[in-house]
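Read through the structure below, which is laid out as structure tokens, and then see the notes.
As written, the chain order gives the labels A, B, C and D, with residue 1 at the start of each chain.
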Amino acid sequence: MSHITITDVRKRFGGTRALDGVSLSIEAGTVHGVLGENGAGKTTLNKILAGVLVPDSGSFVIDEQVVPFGKPLASRAAGLAMAYQEMSSPLNITVAEKLLLPRLPRGRLGFVSRRVINMRAGEILSEWGKPNINPRAEIGDLDLADKQYVEIIAALATNPKLLILDEPTASLPESEWLFACIDRITKTGGSVIYISHKLAEIRRICSTGTVLRNGRVVKEFRSADVDDHDLVEFMIGRSLELVFPEKAGREERSAETIVKITDLTVGNLSELSAEIKAGEIVGIAGLEGQGQKDLFYCLAGLMPPRSGEIEVFGSGNVKNKPNFTLVPEDRKVEGLFLPMLTQVNLVIAEPRKVSRWGVLSTKRERSVARSAALGFNIPAHFLSRNIQDLSGGNQQKVLFGRAVMTEPRCLLLFDPTRGVDAATKVELYHMARAFARKGGCVLIYSTEIPELVGLSDRVYTIYGGEISGEFSDDRLTENALMRGAIGHQEGLKK
Amino acid sequence: MNFKKKLTLVGAMTVVAAFALAACSADVSPSGGADGAKEKIYINLSYSGNNWQDEGANLAMAVAQAPEVAAKYDVQKVISGSDPQKQISDLQSMIASGAKLIVLYPISPTALNPVIQQGCDAGVTFVAYDGTVEAPCAWNISYITGARTENPEKAFFGAQTAQALVDLLGGTGEVMMNRGVAGTSTDTVHYDTAMSVFNEYPGIEVVNEFYGNWDSSVSQQETAKALAAHPGVDGIWSQAGEDGVIKALEAAGMEIPVTGENSNYLREKLSAGWPGVSSGSAPAQGGVAVKLGLKILADGADSVPKDIEMPLPWVTTETAKVCPDAEFVDGCNFFSQADDSFVTEIFEKNVLPESSYTAATTGAPVSALQALPSMDTLVQPESRRIYTRGVCDAGWTPGPVEEGQVPAGLPGCVKE
Amino acid sequence: MNLQVSQSLLRRLAPRAKAPYIAAAIFIVLYGLLIVVSPVAGSAFLINNFVVLMSPLAIAAVGTTLILVLGGFDLSVAGTISLANVVAATAMQRSPENIWLIALGVIAMGAFIGLINGLLVSILALPALGVTLATNIVLAGIALVIMPAPGGRVPVEFTSVLTGMLGSVPIAAIVLLGLGAFWVALMKTRTGMSIVAIGGDGTAAKLSGIPIRSVSTVAYVIAGMLYSVAGLYLSGLTATGSPTAGSSFLLTAFTAAALGLVSFQGGRGSGVAAIFGAGTILVIPKFLFALGIADFWVGACQGLIVLIALTIPSIGRLTKHAGRRNASRNSRGSQLAASA
Amino acid sequence: MTHLTTRTEGFEVDSHDHVSWPHRLRTYMGTSGGQAALMWALVILLVPTSRLFSSNFPSAAMVNSTILLGLFLAVVAFGQGLVILSGGIDLSVPAAIALGAFFTGYLASQGLPTPLAIILGLLTSSLVGLVNGIIVSSTNFPPFIVTLAVGTIGAALLLGLSQGQPGQNSPPELVALFNGDLNVLGAAPSLIMLLAVLILGYLIQSRTTFGRSVYAIGNSIRAARIAGIRVRLSAFLVYWVAGIAYGLAGVLLLGYGSGSDLNIGNSWLLPSIAVVVVGGSSISGGTGNYSGTVAAALLITLLSIDISAAGFPEGVKQVLYGAIVLLALLLSKIGGGRR
């Protein structure tokens, strides 16, 4: 019977105390939830347990067996398996290789036979209920959900004594599959550490849990004894409703159309038509990979449409002002310039504001950045630090600010609150609404249905590259969106 | 990239491709290799973009394209660059295409041996100029071991210029040496023979040596570096690139004795009173080599000796004299109109009378091609064979050469 | 460069498994043209000459490709070849009786050089380009110290074996065949697959449990050995040693890899293709020679042909595009069925 | 809202205040600015220590030739550095240098006024960069091989056009810059030029929107595109500007040597890359600082002077040279460089 104890783990990054004496103890065969805002230290804890990071002090024991830090292979050998939030697989290897790495089965003469590993991988996939994923496919060619499935199955397949899941449902269309898998692990006596923002999930599958804040353990709890409010309170130190700003009123809604999309075909989209009015926040709901990404990236001018039309009306086409600006899905890769200063990251999209004839003025850059920081609640003293030192929430605010500063006619938000703490979420909601109030329009996609319901004036559901429904006012409910998202044709104004 | 863009890209590239092949195949040289009627002669150059190579090549082509030659042979120039594999490959191609004569500037004295042997077996005649090849079946024309015209006992560029420098310094002083390209045999021969002289004089101290790569610009930079360390140096011994050496000295405001090769600038300075000597390898060899090859084709292998040693030109502060026009007349030996790094030794009275400034600079065919006189006066003494063939002739063994050669005691071949 | 971009780029540059065929096609077409222009090039004798000539470059290019697939960069190819050539020439002249022992020693030396590169790059995590640039200079220097001027004699027992024929088959051809087989085999081992994975994404590979340090080091060692073999073959070809023998390989080895359609971002590339790439490089001047273009313009033509070779995969992709889209459609459909 | 932000501030600030000095130093050394400072410090340090190599050191002559020869390297390395900063690498250096030198000399010798000749010379050399830029920015071909091929073509065209005849004498105005006759307000022109290049290069790289977008591209092309930076244009400009820089180096070399062989550029390719790396720029792009590059140029030049003064055989010189590059890499690693 395995029994995990993690004692007094400490880790400093220069000045920041990422972990300050964190201890966990997990019973065999149970699921233990770890809660906390971004920057609370969850990811650091992960990396340490996985052997990627070496802590300043602390110990990690599985089954009375001490697991050395900083040795990924040793951690694996000790029976630890991990599914990462950001995918941990090279994109140019096949599903089979991913599932069987690092100990690919060798045939005669020590060579690896593709036939054999594909067969083995096939068995593993069907054993864990995903027979439709092709073992020969390259990871890079899978869509986000399948990538996540493979990532998780690769961890499950090692029959771990300790399984660590970091935001596993972030890109899964449905979480029941995962919960089933977790039950299987616990039945065989394995323990699970489950890290998530989604309180409902935590309380659904975790028997016990720990709340981290600023690198310290602030609460250990049994799910039975707590409710969402308590947890949120523990997480951010005081109670907070996920308050949504007030929606646009009737008169604002009847304003003129700004964006008119006609029969747009690009990527996985086929002949999609939609329109967005001034002052409106329009949501897009859909399962992974229904073409929403193609829609956003095409509007942002990153993918040329194969056919169809995108018209932008009204006072929009001012010169030097973009029609659309995108806040991208993947902060680190598509948004930030990590080694550069926060203030540079903030103003980089608006060179004209800080330069004359192509020559920058640091003074003006600083002042522009300061006023922007004020407007977007970014603590001013971060401006002169590298953006990579900031917490996810603040990084997201910088990206949001950068986008708004370009004064587009329409703001494109692609899952803007992914991996962002609750407090920052609320701030982002209000910023988006404020932008709309000023007469712009916002198009937002989110993996969190409640968010869309709470924030949007109107929501399109998208399925198989086509609009499957349009909902607003009282017809805009979570259930309606769910049904639309899996293709039930509803509420389309025919 | 979307479909359209890709199409356009591919389209563009196809056009480029078409253009490329067109351009290439349009460039078939006038005497193109297509028609097999006439016998084929190849001039194989190691192109390195400096004056020496350029003039050597031009003089070779000037002779090879003279009307009487062009009438009988089909001459083609091949440039192999500085990569031995490329030269091997080109030589193989020439042999395969039925070459009769190949006049080449060898990039390596040894690496070409296998392919040259192949060629000889296939009945091809090889004449190497300036650089030498060890393959016994090839002819060598070189200055590497050459002796001074007026005094055939005084052999070796390195030794003679070193001696001259010692004399200019009165037997004592600090000396720097500007060598050629590191790791080449020519450089080593020049250097070793020079050192053998310097070592005889306890008063002479070689304070620094560096590699100027036979290149004016590099020589100038290296000299500048060395001068910073040795401001008190008394003289510089240099291989090709000496015009760079002089310029570095001028920038440092020093006028000290310099011995080097045949650049126009050195001689100009000498004539203006700068102490020094100008000697060394002459591009005229290119033309001579072709004439030699033609004679072999005409009169057979025995008509000329295998190892030919061109005499060293020798110009001093006293004898340097500018030419009124483009000819070496009454003892003048450099040009007013030439570039600083132009190599002046483009004439060879006896064996290459038809040479001219125009021929050396443009490669324009020479008009009246003269018959090659007997080369027996230019035969390399057996005692120096080991420097160019790597071995001694039959009946000779390696050992110090004491008589018939100044300085005495240099390694060479001696009669058994 | 960020992952998604570079990945899509990889797919464009070197469609997996297609590269060898394309590279082979380029080579065969060019050699075919050569034979058309000058039929004698088809003779067994000249083909042997050609294969012998291309062997050193081909062997070196495979090493270069291996490191490119790893996502690294190895400029030490030139220095290693020079050193191997010099050591072989001097040692073999001194003791002609045990040339094969010497050959083994030279290969061991190459492995050691690779080991040093590998340790510097993987353990100290220094940039590969910088490290190998430095080691290359150092190695060239050592070669000069050992042999200040070209010389040394490589015994005919050695050269004849490397450049000779076995019946009517060039021994060099057998060597290259073996080289290709070696590559294919390597890519079927755990190490080989790990090398590809690391080239795709180092950190991700580490998280997947691949011991990236030891694997990368092994890769550099293999590359080092291949370079020294190339150096040995060069000694066989020229029957002598020169301290600057390898310098020209610095750029040609990479050009050969490029003509083998390797991706310079790592994770994609084939040694077999690189062998054909080497052949292409050497056939171009012969082809131009046959056309009578042996003048100053050769370089221009070579450069253009390299650029044109780069476009070939994009042409291939024009047709590929549609196929992939449908494929992804279907897989999504099934996944939805599962979730609905 | 308000106390949300104070909360975040509260946390980060308190962690921020506990930053230890060694740590601050480390983080600073981690920045390219820190790398540059380190390099300059080494240069200063090396002037007195050069005594170890020659009893005549340190001397004015030594400093002068360091500046003079460092100047050429600094100019070449500006182009190379810009390209590397953008995430590429440029192997067309030799061709571009030769083109710039040859055509300036040639046109001047045809009687064109020197300034015009120089401008036209720079234009020809910039053609190499132009073609590089067009291909690299409009396709996804690897810069390494593209610039290699374009460089080969450029060199071949130069050979063809000149029919292999090198060595145009250089215009007297250029020669005057180097032959010691001229001196501007007491200082050698080379010093003035070095300072000018240093300042101009630094401004272009760090104080213009162009330089800014080069950093951005070097960090992440995709992010740059989403942030609305004109990626293609910048990528193209990078290579074009680099081509001009190489040409300028060629012109200076022409003046220095008053004449130029066609292979005058060959000896500058590897040093240009070495200097950029030693100067603390990341070879994979996105970080770097031109003042560091210049310092590295002076450092390497000074060291090569020392080594040459010590009178080692060529082989040993090269071994030392390589060792220096390695050492610099290690230093920047220990200094906390992110690579």
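Note that in this section contacts are C-beta pairs under 8 Å (C-beta built on N, C-alpha and C of every residue); 3 or more make two chains touch, one makes a residue touch a chain.
Just so it is clear, the model here is predicted, and its values are computed rather than measured.
Asker: Which chains are in contact with both subunit C and subunit D?
Answerer: Under the touch definition, subunit C and subunit D have A, B as mutual neighbours.
Asker: Pick the pair with more C-beta contacts: A-D or B-C?
Answerer: B-C
Asker: Can you give the whole-Å distance between the Cα centres of subunit A and subunit C?
Answerer: Distance between chain centres: 42 Å.
Asker: Which whole number of Å gives the spacing of the CA centres of subunit A and subunit B?
Answerer: Distance between chain centres: 71 Å.
Asker: Let me have the rounded angstrom distance from the C-alpha centre of subunit B over to the C-alpha centre of subunit C, please.
Answerer: Going by mean C-alpha positions, subunit B sits 35 Å from subunit C.
Asker: Specify, in ascending order, the residues of subunit C that touch 2 or more different other chains.
Answerer: 2, 4, 143-144, 148, 243, 295-298, 300-301, 304, 307, 311, 314
Asker: Which positions in subunit D are in touch with at least two other chains?
Answerer: Correct list: 139-140, 159, 163-164, 220, 222-223, 314-315.
Asker: Counting only residues that touch at least two other chains, what does the list for subunit A look like?
Answerer: Residues 333-334 of subunit A each touch two or more of the other chains.
Asker: Mind listing the subunit D positions that touch subunit B in their complex?
Answerer: Those in contact with subunit B are residues 53-54, 56-57, 59, 61-62, 64-66, 68-69, 98, 138-140, 159, 163-169, 178-180, 253, 256-264, 267, 304-305, 308-309, 311, 314-315.
Asker: What part of subunit B is in contact with subunit D in the complex they form?
Answerer: 1, 9, 47-51, 53-54, 57, 79, 182, 207-211, 213, 215-218, 220-222, 224-232, 243-244, 247, 250-253, 339-342, 361, 363
Asker: Give the list of subunit D residues in touch with subunit A in this complex.
Answerer: Where subunit D meets subunit A, its residues are 1, 4-5, 7-9, 11-13, 15-20, 23, 26-27, 203, 207-210, 212-213, 215-216, 219-220, 222-229, 286-287, 338.
Asker: Report the residues of subunit C in contact with subunit D in the complex, numbered from low to high.
Answerer: Result: residues 1-2, 4-5, 9, 12-13, 120, 124-127, 129-131, 133-146, 148, 243, 251, 254-255, 258, 263-265, 295-304, 306-307, 310-311, 314 of subunit C touch subunit D.
Asker: Help me check something: in the complex, which residues belonging to subunit C touch subunit B?
Answerer: Going through subunit C, the ones touching subunit B are 38, 40-41, 46, 49-50, 53, 56-57, 143-144, 147-151, 159, 163, 234, 237-240, 242-245, 248, 282, 285-286, 288-298, 300-301, 304-305, 307-308, 311, 314-315, 317-318, 321.
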